[in-house]
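Below you'll find the structure, written out as structure tokens, and then a few comments.
Naming follows writing order (A, B, C and D), and every chain is counted from residue 1.
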């Protein structure tokens, strides 16, 4: 029962690139976050990165910083987040829990993994836990049948890339740019080369994230060999324009999700 | 023809202490200064210290500082002062020109002396020209038949006192206190002792100045052996209260002058 | 100290994007720092530009009143007015030799920002300073100085608009430009190798103290007292004494108004181990691991985290973690003004306050060294407002 | 130099009331200054409290741009931020040994007042500072610092409310209290023995320069450039070089806006010999000998007189009297900020401006020393207002 793997197989069969959406849970409240995930999934999102808000999200740009701040001000806690994941069980899609390392560090890493496992989530992605710092925990994660999603970046050396790929599980998350989430994407040759390099060394699915906001981004990236894209700030940007009643923005979000999915499909088909 | 000497002889005959008044010429205008001197002389002043205003009168307190400032702002110059002295000729009293050393220094000391001499004044008193600095000029002053009035103070050492007295001429000016003109006088034993010390060494008349503002001051000082007193700020204080029309204050000034003179007379008679 | 770890503290907890920059820096530091060329340039700048060695001043009037010998290590006399230049010159020189074109950094009191733009100008590097809007407001003089020196100031409005937020923002900026830009970390915090690099550059303080106290007293001191948040001036002073077990080491944090979590910066009193800004350290956080803003009147101590090495040294008991409250600090300012004619930085005054208020820690034959980390020019308004309630 | 005369300059032109205090001071200085005890205490304070020796810094970026070697003598690093402490410590120590209980002095930029209260506190003497109300306004930071250190500030409203008026007022006050109080004269001005005492205490600057330049270059410099009004930092730097005829000495006055008498402080350009504040010196006056107020944006140069010794040295041609205009000075501030990361005092920036604007005076193989007399913290507002016209 590895939902991530199943999902990639299913998408291959459907000849589609994967559409992964990142949300911070509890922004601006839990009820909205649940509704948001449902809408996303109904409109072409294949997996969810489920973010537990952190006070100092150093890998995030202004949009997700504001998300975290709003969620924390509204009283979100890691326990509420974990309960929130459970509410998504019926959607039957793979969930990857994302958060900064201090959250599991303070709860206790093993206890945190157990709580995650219990929710039915598939894995975790911790942007400030690079391979070296993750090493003491790799065995523990594997034993709990969870994926630790590792990241690579345009600045990653070949030597490290090799080591990361050796330890990668679920998929590899390729950070598209030097910067933080929500930055402006410019698709440059170095990303495309990195996709090639990874493909030359590994069969693990490649997800490209950071800065993706348009159908065309997804299309080019997937056409060039990636297995999917991750998108987050682009959705949060929309509802954060109407925080009094973010539900009014769900229609617009659904529309973007469908477009992105079309990009994922078109991109995949171009490869064929 | 030494008016100072004559005046002291005359006063001795009349059994009176000397009443010397200091004014800054041109404060607030020349016309008033002339009138002021006339009133003073008519009301018991025996000699005039005729002040040429200076921009930085470091031996003067606030009242005379303001005097200098007003006179200079009204356009007074040393030449105008010298012409002013000439206007006082008819009063036939001894005039001592006082100013700070920079005024004669810039005009040229010899030239300055000649100009003073020409006005008919008897001597000069320069508060920032102590004996040591005066020495190069002593001969020149003597040759022009002018007095250089030297000062002594409560802080003057015995050794210096001796040297000052050896060079004194006209009278000796005893600074009554440690401070500046217009300070509050407190008649303490050290002044009285100083008067005694001077009398033991010299026959030169002793004038005590700085801080004198009342009949009683003059009386005590002269009763204790001084030959007279010098008073200045006390008169300027009166007219500076009505600068719009200082003439209105001349009556009050005349009254104080008469009182001071009574003090001078009473003091002298007490000695007898 | 393997891999930048000090016991459980330290590490390199950053996004993959930044790993290469940290590895590059670690390697460059190990390669360049020991060279004769670097040592010569660095020590010449410290001496001729910075004014090193700074004096070790026997504070006679102060000593008489407290009843034991107090020496002040005069980092306030260092160019720029605090110990910060030691580190800034070292890193700027390193950055230049690494081929970087630009420096970025964060600052709270402004002392580190000032030191950075000075060092940047000397080395021909552009400088951009990230500063919380609240700190910009309360350290206005230093902001003006940095601007005059040509630094670009980037006001940080996120969070509480203080140091913690500025550090986060600088790390984000660095992720976008690390190939051409060096993040000139201002204290012994952040991911490896920063804590080690900063402590190394600052250890010039302690090395001088050791030499100077031997010259003056012929023996080691009994105690060294330093203020701190990240810990750079303290580690700089402590380093050469850590194995001298007869020397007591005191680290004084910002107690703030009181030790309630909302009013203090005393992370050793009210904090716990935490992953913040790239490393594991002692920090103030809630039970779920959300970092809490610290509070103290001294901008330079207003950081919720203690660097990994000082966290470790306090944990093992080699360094005693202490604190001083705001009102004690202001009174200490007045005390040292009157006795020694020196206006200390509010940060520095924490160390002075501790010495004044803890007679039980010192004996009459003790020799106590206070690291006088900075001068108070930047704090004059705050100090006067405290005492006279107006500006 | 007999009797405090330098050629026609100098002397003791004060009221008889003050003569005894000057004679007492002269005697005490001659007796106490050469003793081992005094020398030891004085030099220990200079070193451990003041931070001497101050560095002689080779300004590489600056040098490259002007085309010859420029060294900065870093008096800005002296405790308090300017050369003034050298003299203040010396005189305060002397006053203490003379049994005085209190120090009075005047200040313009506030640097000397600051140095005086520091020295006073160290020596246990009360301090009262006379300051023109205009200077109080424009040097607000230093006023606050002096107050915090416990000095009483006496605002002087007479005249133009600037230094000249404050000096007069301090002399008046001294006449009333000279038995218990020392007038700690702030520059090489005033009646004998002040000019000699101040120059003696300040000559530590030049003695260090001589030693340092030999260490660095193995030879004498070609030129030394100092700003000045009374002349204390300049004489301090020049003294040991006066008989070294290969060393050109430049004295840079405050040119103000232009050389019209109403807009300048350049007494060597528009002044003449004059008796002011107790001695004969070069000063700005009208044709009748009334002293005129000087004008320059640098409070510390805003004095119409030049001390007797510098007046003499300029008259005989040993020192070249120069000036810099306000706008040149502000541009010099910016230049040295950018090249060397240092914010100079506006006074100091006059020397920098002269070097920048008079290439004809220097050759490409010259070694030029600028006496960097103070730091610009006190002038930040003025400088920013000049460039940005606000705040």
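Note that in this section a contact is a pair of C-beta atoms (placed from the backbone, for glycine too) under 8 Å apart; a residue touches a chain by one contact, two chains touch by 3 or more.
All values reported here derive from a predicted model rather than from experimental measurement.
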item	value
Any chain in contact with subunit B as well as subunit C	D
Any chain that touches subunit C and subunit A	none
Chain separated most widely from subunit B, comparing mean CA positions	A
Cα-centroid distance, subunit C relative to subunit D, in whole angstrom	35
Averaged-CA centre spacing for the pair subunit D and subunit A, given as whole angstrom	67
Distance between chain centroids, defined by C-alpha means - subunit A, subunit B (Å)	98
Category of the chain touch graph - line, ring, star, complete, other	line
Chains that touch, pairwise	A-C, B-D, C-D
Touching residues (chain side subunit B, partner subunit D) in the complex	54-62, 65, 69, 72, 77-79, 100-103, 105-107, 127-130, 132-133, 150-157, 160, 164, 175, 177-180, 183
Interface residues, subunit D side, partner subunit C - complex	47-51, 54-58, 61, 74, 77, 79, 117-122, 124, 141, 144-145, 147-150, 333-334, 337-343, 377, 380-381, 383-384
Footprint of subunit A on subunit C - complex, ascending	3, 11-21, 23, 158-159, 164, 168, 171-172, 175-179, 272-278, 280, 285, 287-292
